[in-house]
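Sharing a structure here in structure tokens format.
Note that the chains are named A, B, C and D in the order they appear, and that numbering of residues resets to 1 at the start of each chain.
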Amino acid sequence: MKVAIIGGTGYGAIELIRFLYNHPYAEIEAVISHSQSGRVLGAVYPHTDGLLEKPLEELVVEELAERVEVVFFATPPAVSKDLAPQFVERDVKCIDLSGDFRLTSPTDYQEWYGSPAADESYLKTAVYGLSEIYAQEVAGAKLIANPGCYPTATLLGLLPAVHAGLIEDRSIIVDAKSGVSGAGRGTSPSTHYPEMNENLKAYKLGQHKHIPEIEQILTRTAGHPVQVTFSTHLIPMTRGIMSTIYADLTRQVSTNEIIEVFKAFYREQPFVRIRMNGELPATREVYGSNYCDIGIHADKRTGKLTIISVIDNLVKGASGQAIQNMNLLKGWDVTTGLNYLPIYP
Amino acid sequence: MKVAIIGGTGYGAIELIRFLYNHPYAEIEAVISHSQSGRVLGAVYPHTDGLLEKPLEELVVEELAERVEVVFFATPPAVSKDLAPQFVERDVKCIDLSGDFRLTSPTDYQEWYGSPAADESYLKTAVYGLSEIYAQEVAGAKLIANPGCYPTATLLGLLPAVHAGLIEDRSIIVDAKSGVSGAGRGTSPSTHYPEMNENLKAYKLGQHKHIPEIEQILTRTAGHPVQVTFSTHLIPMTRGIMSTIYADLTRQVSTNEIIEVFKAFYREQPFVRIRMNGELPATREVYGSNYCDIGIHADKRTGKLTIISVIDNLVKGASGQAIQNMNLLKGWDVTTGLNYLPIYP
Amino acid sequence: MKVAIIGGTGYGAIELIRFLYNHPYAEIEAVISHSQSGRVLGAVYPHTDGLLEKPLEELVVEELAERVEVVFFATPPAVSKDLAPQFVERDVKCIDLSGDFRLTSPTDYQEWYGSPAADESYLKTAVYGLSEIYAQEVAGAKLIANPGCYPTATLLGLLPAVHAGLIEDRSIIVDAKSGVSGAGRGTSPSTHYPEMNENLKAYKLGQHKHIPEIEQILTRTAGHPVQVTFSTHLIPMTRGIMSTIYADLTRQVSTNEIIEVFKAFYREQPFVRIRMNGELPATREVYGSNYCDIGIHADKRTGKLTIISVIDNLVKGASGQAIQNMNLLKGWDVTTGLNYLPIYP
Amino acid sequence: MKVAIIGGTGYGAIELIRFLYNHPYAEIEAVISHSQSGRVLGAVYPHTDGLLEKPLEELVVEELAERVEVVFFATPPAVSKDLAPQFVERDVKCIDLSGDFRLTSPTDYQEWYGSPAADESYLKTAVYGLSEIYAQEVAGAKLIANPGCYPTATLLGLLPAVHAGLIEDRSIIVDAKSGVSGAGRGTSPSTHYPEMNENLKAYKLGQHKHIPEIEQILTRTAGHPVQVTFSTHLIPMTRGIMSTIYADLTRQVSTNEIIEVFKAFYREQPFVRIRMNGELPATREVYGSNYCDIGIHADKRTGKLTIISVIDNLVKGASGQAIQNMNLLKGWDVTTGLNYLPIYP
């Protein structure tokens, strides 16, 4: 199957290329980059030197739609909202790594993203591609809104507890921590090496655009409106997200019981691993891989549940999950082209 | 004034030496190290090469008590509990950087530290040296229990809010993050460079021995028992602690109003700086210095208060605060020997 | 084909396992670890949780020799020298990642390793597995001495120039720089995170045990004794080696001409990539992969050649090259199970 | 004494401010920043919050010349070459941290800096401020060209050997390694955190503009033209430079003898420390301080001398040495305001 990647020189694209390079059934037909068109990828990213010889291309929708079955958008906000529909109309499946089709409410999009939303009919039909939860919907989708990195880690950590009624919805606090690659490839003073090295920063308290995305899914799961207190921190490392999640337990329940609930919830899911009692996951343990590792601690003293959920933000939080969704879309085994061990150390 | 440092080759001691080296009124008379006695400090710590020529000494209490006015303990747990009283009896003031005299309850010490507590009479008379809060008590103390690194960042961030009745005591959650130097100078697999670099780990959820220390002071301030949910994380950096603190607001109040409460609370305190609305402190901004920088965010949507409090764990969280307490003890200006800018970048 | 790994919990072993896990023709039959036998690998290395269920085993040579065709030794110095011959005698091929069979002279081994060498007959028949150079010998070997990490980066950078007579043998200086994982998994004060982070250290100037290994191959290539000045530095990163190599040019020759010599030399070699004029490789560009990337600069002003050669020390410098040698041994395409893109960023 | 800093928001300026803040005799009268004039420093650099209340100013030469005795230029290339003469004419001493007055030959400046040099009369009278070597000239200077970071580490390491005739001038190779702060505060793709973290890069082989500066001083010292092969590398850390220097020994001489030569050469110099035989300095051991630490290894096998010289690039390699030069200029003890211990760890 032939696929194209639009937005070919960001970190999302380069990770898509890494996984597609070894995918047994999918082949990269075109990599689209407006800023670098005509150059080979190895000139932009020397680590691919000699491995992908096709030059980067300008986008011509009609022509590209003829050549490929699936298009991945690894584009900045507000790019795919106009482009993806043009491919869908031409029966090309779209997997959008940006946030343009994640929120079903155009008002929410306008409020949190600060620009007009995509056509509402597409917002309604787009499927939220949290693979473990919406596998069935993804399988039949035309347009997949690939989840954000923070929502992936946070929702995979929270949903079993919400689903089982273990926690008070009103009490959820998410202290999220991300490596710097989450900020993308564009330079900025705050991601300048001497400013970020040996440093730890909080940013955008209660204001991150991933908040409505998380709340939308929690609300859908709970059946009533759920809000979260959500904080984000930059960690002096390149990859990795940890969501440390706090909530009041609805009843007295042991760590072991909760672990069993989580294990049952993810029984069929090869990419979610629940740590045993007393063990907590570290981001390095999923580095470069599509795994989400989860640790559980119920605090008897305070009646609070703490959930630690870690992913590689560029893999399970972006490109890996996009490949997983492609596999679902095509009916391939979900681990196809993704069953690699994390790189350690 | 002549002082001695016991436990001379840990990170606490080496930072004490850095500040005492330039202190205008205090002089290092002796550095005690059982493991390295007889060697000069420069042989253990080449960065001090040529600067401190006196050899490290074995401890002889009677003799040392004659030579110095103040003894700093930068020792592992369960060392000072027997030694400090011997100096106090000889009218030598003690500033203990370990946790041996921080908990007033011997039962709590036994439970959280796993060994018998110090003599209860000393636990009762020891003053908890959180300099900004207990300046007066410190000034008259014989034995000062210098606060732990996490409690310093956490309590300085929480106390103005607790004091002003802004938050529900039962709702306090502390998501604490520390650089690796907090684990001390001893090697261990989890602090081996390849394991900790480009990694983010949660550890000891709800089980850190700094919890009873925090709760003791919150309880004292609130006038009734207060418990906290407290999590700790290792960050891939050497220095710095950030406590991200969450609590339910007792009433609707704006970020600006809370900032004013905090500014008023710390009006006379040169080492606590409150950021203006919209600004959040980063650990690098206090690196190597005795400052505690605090940022505030009240989330209107969820009614929660978030407080970001940062310190250098080895300075305000240990040796710097110990010097500050020595200054209080002697009636010197509190900034004496500590009024340096953070090192940036 | 079934293989075993001896020394199953070091970094060499864990990387072997990563590549073998996805190798299409080889299968891990046993992982031997004396210290951890009986435990599953996921209990030692949580990043493998759920992926390899066989418990780690004690070594029983006779029994293991029946079960496998190839044994990898990822053991500390002085272990394989006695063990490998026992497998060879039983017609099991051995690939030794330690230094025990790299030096053909027992005297050199004794001098640089400080313990008696392996049986001389094995030293003589062992093949030095620098895959690009000795592919033919490796294909017919019974016992392969897998090269050291520094020698791999250094020799791949030097050999084309030595072979072409471009440089004065007596003038070779190698300024080598390694990430900290090169020191292995054992803890030590110098690899304690707070000591190594934000630090740069030179160590073992002219005394590293990889020196005789490099000189042995240079001497073999040149046809007369060659010595090198060799320095090693620890870089605050986990993976990656860079050898910056200096030598006097024997004649005036341009950077472009030298690049052509190198490209011709490695024409058939998929894992060596020569950068174009003006481009220099960075260690991140080979991260996690089996590539060796090389950059060239001829300095007209001083008549010196500078060669920059980078590898991932744990892959091309250890386990990846071991897999490459296994492929050669079995006549499989050399890239089998190794044709992955580097992980970037 | 009142001083001004021009170029007030770069790393050079912020370090000048750190040292001047505690200098007993000098006082910051004005900090000039065109881009940020009118703001207080704490708004640009939160780590100085509350400590320096004067707003940043626009430059008005006539007026500033009345207010201060010394002006520090912490400006990009090609700024001070026109401005400094205007202050010198008004009898204000200038200490220039940029490269504008370091090269005595206008042709060299044009060639290496790519723009026209300063007025030749000023190039001739400017004193090269390598404090340990040219203390006397600095004391009488009107305009001091503060050395570059690489030249400071390299020349302090080389000069004793050159002076004593220990090494062949034609054989000098400098493998220099720098933390990323050396690239300044401006953002660029190559200093973007995710690109530089866990990475090691060589750059500008034989082309760095510090080369003519080093050769000029070596030539002056040797009495005949000396050229060096000079390579630069970016290390994933914020601060620190290491120059690993290689040269052929002119005669057989032991490491101990060379150490004695170096110790004698720097006998009167408090900021240069020579390590004993077998010990090599690390950059962390001078972090934040004005020290230059040097290690020596003579390789008997190859007849080469290796010298390891480390500094903090922002201190001894820039602002610290500028303060040292101010002290020399005013006849104050050279350590005034600089006698702090390095920060460790």
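Heads up, the rule we're going with is that a contact is a pair of C-beta atoms (placed from the backbone, for glycine too) under 8 Å apart; a residue touches a chain by one contact, two chains touch by 3 or more.
Quick caveat: nothing in here was measured; it's all calculated off a predicted structure.
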Shortest contact path, chain A to chain C, counted in steps: 1
Where chain A and chain D overlap in contact partners, by chain label: B, C
Repeat of interface A-C, chosen from B-D, A-D or C-D - more than half of residue-number contact pairs shared: B-D
Most distant chain from chain A, judged by the mean position of its C-alpha atoms: D
Gap in Å, rounded to a whole number, between the CA centres of chain D and chain B: 36
Chain centre separation (chain A, chain B; CA means) in Å: 39
Distance between chain centroids, defined by C-alpha means - chain B, chain C (Å): 46
Shared interface positions of chain C, touching two or more other chains: 11, 179, 181, 194, 197-198, 236-239, 281-282, 284, 287, 345
Residue ranges of chain A touching chain D (in the complex, touch as defined): 11, 179-181, 183, 185, 187-189, 191-194, 196-198, 236-238
For the chain C and chain A complex, residues of the former touching the latter: 11, 14, 17-18, 21-22, 45-51, 181, 197-198, 238-239, 273, 275, 279, 281-282, 284-289, 293, 339-345
Contacting residues of chain B [partner chain A, same complex]: 173, 175, 177, 179, 194-195, 197-203, 205-206, 227-229, 231, 233, 235-240, 242, 244, 246, 280-284, 287, 295, 297, 299, 301-302, 304, 306, 308, 310, 345
